[in-house]
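We just call them A, B, C and D in the order they show up, numbering each chain from 1.
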Amino acid sequence: MKFIAAAKLPLLLERLGRHSQVYAPVAVDGRVWLSPWTGEDIAGGYVNPVNSLKTLVYPQTEAVLEFEGGETDVTVREASPPAPQVIFGGRPCDAAGLDLIARVFMEGPFVDELFRRRREATTIMTVACRQAAPSCFCRAMGLSPASERGSDVLFFPGPEGYLVEALTEAGEQILEQAAGLLDDATGDQARRACQELPVPLAGDLNTVRLTPEEGFEHPYWEHLARRCRSCGTCTYLCPTCYCTALFDVTRGTRGRRLRGWDCCQFKDFLLMAGGHNARPQKKQRVRNRFLHKLSYHPANYGEQACVGCGRCVDNCPVCLHMAGVLKDLGEVERA
Amino acid sequence: MSERESRLRSLAEELLASGQVRTFIGFGPGYEPSRPLPWFAQDPAGAAQLLLNPFCGATLARYLLDDGSPGPVGVLARGCDGLGIERLLADRRVSRDRVHVVGVTCRGAVDPDKAYREAGDTPLSAELEGERVLLTTASGTREFPRASCLYDRCLSCADPSPRWADDWLDEPLPPGKREFPDVAGLEQQDADRRYAFWTRQFSRCLRCHACRQACPACHCVSCSLDHPEWLDGGISLDNNFMYHFTRAYHVAGRCIACGECQQACPAQIPLMLLNDKFMRDIRDLFGVCHPHRPQEKEPLGQFCPDDPEGWREGGAQP
Amino acid sequence: MSLTWEPKIVGFACQWCTYAGADLAGTSRLQYPATVRPIRVPCSGRVNPAFVLRAFQRGADGVLVAGCHPGDCHYTTGNLFTRRRYSLVKRFLEYLGMEPERFRVEWISAAEGKRFAQVVQEMTADLKQLGPNWKMRETT
Amino acid sequence: MPRTGVFVCWCGINIAKTVDVEGVAAASRSLPGVVHAETYKYFCSEPGQNLIKEAIWEKRLDRVVIATCSPSMHQATFREAAQAAGLNPYLVQIANIREQCSWVHSNREEATGKAVALVTAMVAKVRRDEPLQAFTLPVNRRVLVIGGGIAGMQAALDIADAGYPVVLVEREPNLGGRMAQLSETFPTLDCASCILTPKTAEVARHPLIELLAYSEVREVSGYVGAFTATIARKPAYVDWDKCIGCMLCQEKCPRKTPSDFQRGMGPGKAIGVNFPQAVPNRPVIHREHCTYFQTGKCQVCARICPVDAVDFNQAETTQEKQVGAIVVATGYEVVAPDQFGEYGYGKYPDVIDSLAFERLNSSSGPTDGVIRRPSDGAVPKEVVFIQCAGSRDPDKGKPYCSKICCMYTAKHAMLYRHKVPDGQAYIFYMDIRAGGKRYEEFVQRAVENDGALYLRGRVARVYPEDGRLVVKGVDTLSGQNVEVFADLVVLATAAVPSGGAPGLAQALKVGTDEHGFFNEAHPKLRPVETLTRGIFLAGSALAPKDISESVAQASGAAAKVLALFSREELLADPLVATVNESHCSGCFWCRPTCPYQAIEEKALRDRQVATVNAGLCQGCGACAAACRNGAMKLRGFTDEQLLAEVNALCL
């Protein structure tokens, strides 16, 4: 366990910045975003950055390959490999979310090269939480303000600086570059404070009595979905959504194949060639989002696809979010 | 429970019981008192839970489009909802006989996030008294200025009551005049600083379409911005410029200034600054004194023989 | 690229007036810079403002929308809608940060070949002073 | 991907001189979908078109781009060529690399670059073209001829003689236009009314010609084959049905009035006809000169009229006429006197214009054909004719030549000598333009036989001196200043479009040039057509011209109308708007922008959607731009196509 004084943190980031692109939490127009760090003040008083760690490892739009040529002679080039990057300031829930996604992209027979290369080029230094927002519910999802999952280095904020704990081999290496800036820790009071931090939304959220098999046609979904506006705020902020779409962009005889996020709440998410839409009704789309995270994903990976970060709770204009649904599913009578 | 709220509930119950409406849209209990939910009562029991308090925030007009709610539909209408309903009727997306408007006067809605920051704790109830807001939290009641608690859009609202309604819960207030101060502020800056401002805003855009889905004027059956020939290539600054330019132009002359787009935006982009610019120019160039109130003919759907050539006099400055 | 940088102007020209005026400039052998690239449209009323932004997005340095003088429109009212639309759009583009000289709206009749050439010359001169446009432009 | 062929034309040297045509062809071979590219000296020629046809057959092309002159020149030619080769004619696009490229740019590299860009744009556009079929429209086989001058009458007679009904509208109370005011005509010196009155009579009694005199066209709506014209009949304050044409009212009318018809050379009456042989031979009360309308007294005409035809309360009436085609023959007027201060025209009575001199010459004129000075009625011994008074004078805004003045002035000199054997005519001129058949010989006769003295030079000033007019000018051939003492000065003033032309142009939505003369579709190839299909032109409405040319153009316009009427139905251009009903939100935002009210409502299962009446739609596209989500598509100019053009031009 190491310790770094708060004043030395910028020096650490600056040193790491020599070999990697460094990201840090920066306040932009009153809200904190994980932004490319060029010496700005490192924000502290935030609960969670607007953009999660996912956005920097599985970006909203990334180039897959580039192609050029006429009808016969087409040349194809892979997208250039990602530069190494160090992300400081993400929260433990985001890191867990990213690890959850990493299992989807990298476990199993097919490894997604794009994701793997960018993940392996990334070192994640998360900061444990000393304060929780009314919308946080990480404990309900089996995490805590000091979870280590998915993180390479964990910082525990204290009054004068941070306790620093390397969790992975990559974490060890990154801390070697910080030699001279770190001192030995004198007690782990800051870590215990984070571990015991109470999280407002109670742990009883997760006693889901309405299982998907019984609940698929339950009128609850109709009632819930009616207020949804079918926008993409929840999915585009969610650290554990990973639906994707491929599209080509051509300019004359040159072009690029891009991969980007897709959103299951959009009306035309499952609009297929020929005009058939597998989920034309709002109820179907809203139900699918929650059943995917609470039933279908667990069936494949044995864990619920939600880390309780609270972004959907804060940003859904009509309060149609995971915390609320989990609460409802706990109370709703089976048909 | 306020006197208006009880009148709302009994009226809704009576409308539903009599079959005059088969759904009543208003606000109902949510997960916390400061965030009531859009509520779709279909029977007297549902109507009995209707709420009417300063926390009722989102505009409801767009829900009339939802074919899931069997019609005819009763809807609680404050000033912004009323204009939203007029917008949908003017665009013929909703037929008049499907709507039963219950008008109510609104003096502004409390933004739960602002209230939480001001009071330092989750607000449990709120009262509006003139220029003051009484916020009650677990630790008691305190007074705060309107500006620090109300939604931004409510602070510049000029339409407390709908212009017409089938039933009224209280006496309507006359509509006021809407000003666009921030537009002039941005116009004074030089081109590069204006471009830097908008680049900073649009680079945060997630293209989550919350603004489009919230807007009572943006309800095409299939939006052109979803078609690849208009916007392809995913998220990029130039595509975000194209998205917001096109959307602002499409609602130009039709926006009802409800501010729901800016309110719903997770990246908090000041979208009303775009719509205000069009409204201010429509007012100055074509003499439409209240551009945000639907008229018989839309400003861009008509012309006058002596229309000015707005591109000549000094461009951005009025 | 030739030695001096040449701006690229996308010009929407209504076929009854401005395009015919441009043809007249041709038959009269007037000379003007090869910077304008015309797009023939039936009427200036056909030009969707989003086309203008698409041109800037894809690398145009200047855009011109030109049609018949009000009252001369072959379709009577096409240019009267153009006038309203582009009174707003011109100001809105500048509000977003576009330099005024990059986007022009002109009335050019079928008899005004000289006027067409003059507008192109003026725009080219203005744009050469401003330099290439990078605002609202895609970065491939 | 469609197989596209690109054909780059040299146009002799017109394109090839500044555009590297081979380079353009080479560049286009690499464009997406292009499987064939070739150049040729003249693709519009027969062999050129055959090359295109062969390429279409051999290479199985299903899109064609021709980089050549402006589409307004040969789009039809190349569409027909493609059709002949079995390709749908609407899968052809033209890249204009002549009028808008080679002719206007000199730098070869830049011109070639632009040509390649234009071809790239057209290849992108044609790829998104759909095969279309022209559809048919009913043709209302009746024509509206506007203007009862020689041109209008000729067109009306040609069409009526071919068996189709004609509605002939004339602004003045009588047929004849300017020609009715002339004495004799060049070069044959025929008496104008001798050759005109039979025509007017023929028109009046022709069973298929409905003559609407003293009427004006106020509004025209509709489109080729189905125009609706609103025609207003001005109040004549005389019931023409009752009137028997005895002209007692004109005789007894006490009021002497200035007469436009006589150009001020003699008085007219408040009621009456312009000249005895006028057709229709019915009088009209000129309200502005009639004592009754000014003071409420007099009414001599009403009392004297044997059939009680005078009706002071007659009001303007309007009626609608459904016609399939329109011929505009509104002719010309002589420019107003207020622009020639230097000649004292309008100030000195003995300075008159050439039309006034015609009235002096006319046997039915105010002086019964005797040439007399307006000031004292004396027969002038010296007459000075000043040419190009107002014409060929950019300062006075009329840079054009009025074309007929040189000929009628030579005629005036001849007539003057025949009537005043000892008189001397001086003619100040810049150039004599006598290009017609036997025109030059006519002018030589005026010089050799009739002693007309041509002085090449302009006149500086005309001013009165002891009862005569001093004309100060210069004779550039001898290089001396010249001073002529004249009894009469005749100005060959400029011809301008008739007063009703601007209003009519607006009603017909037909363009005019900066002087107000109607724009023909193409000065060389389509002189009697306008750009609006179904509307034709004849005579001086287009530009000043003499009677023989006006008659020729009138017959030309008539031929065009007859071609239109020769078929039961009309092939209509399929480039009209169409609605993608799955995208249409039924907001009908498009409807207010349609000038032809072509957008109607159509009920789908659950909602109303817009639908376009292809007959009314003229393809302007205002609705397509107003439609926010692109549900309204204008064929040939869809959003996809225009965006593709923008993309291609910005590469």
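Here are a few things to note about the model shown:
In this section, a contact is a pair of C-beta atoms (placed from the backbone, for glycine too) under 8 Å apart; a residue touches a chain by one contact, two chains touch by 3 or more.
All of these numbers come straight from a predicted model, not from anything done at the bench.
With centres computed from Cα atoms alone, the innermost chain of the structure is C. When the interfaces B-D and A-D are ranked by how many C-beta pairs touch across them, B-D comes first. Here the spacing of subunit B and subunit D, counted between their Cα centres, is 56 Å. Between the CA-based centres of subunit A and subunit D the separation comes to 73 Å, rounded to the whole angstrom.
One finds 46 Å separating the Cα centroids of subunit A and subunit C. With centres set at the average Cα position, the gap from subunit B to subunit C is 37 Å.
Among the residues of subunit B, those in touch with two or more other chains are 222, 224, 230, 233, 236, 300, 302. Residue positions of subunit A touching 2 or more other chains: 251, 256.
For subunit D, the set of residues that touch two or more other chains comprises 582, 593, 626, 639, 643, 647, 651. For subunit D in complex with subunit C, the residues that touch the partner chain are 70-72, 96, 98-101, 103-107, 109-111, 113-114, 117-118, 121, 506, 509, 511, 513-514, 519, 531-532, 575, 593, 595-596, 618-622, 624-626, 634, 637, 639, 642-643, 645-647, 649-651. Subunit C contributes residues 49-50, 53-54, 57, 70, 77, 80-81, 83-100, 103-105, 135-139 to its touches with subunit B in the complex. Every residue of subunit B that touches subunit A in the complex is listed here, in rising order: 30-32, 35, 37-40, 58, 62-63, 66, 68-69, 113, 116, 122, 200, 204, 206-210, 212-214, 222, 226, 228, 232-236, 260, 263-264, 266-268. Against subunit A, in their complex, subunit D makes its touches with residues 1, 30-32, 120, 582, 647-648, 651. Taken in their complex, subunit D has these residues touching subunit B: 582-589, 592-593, 608, 626, 628-631, 639-640, 643-644.
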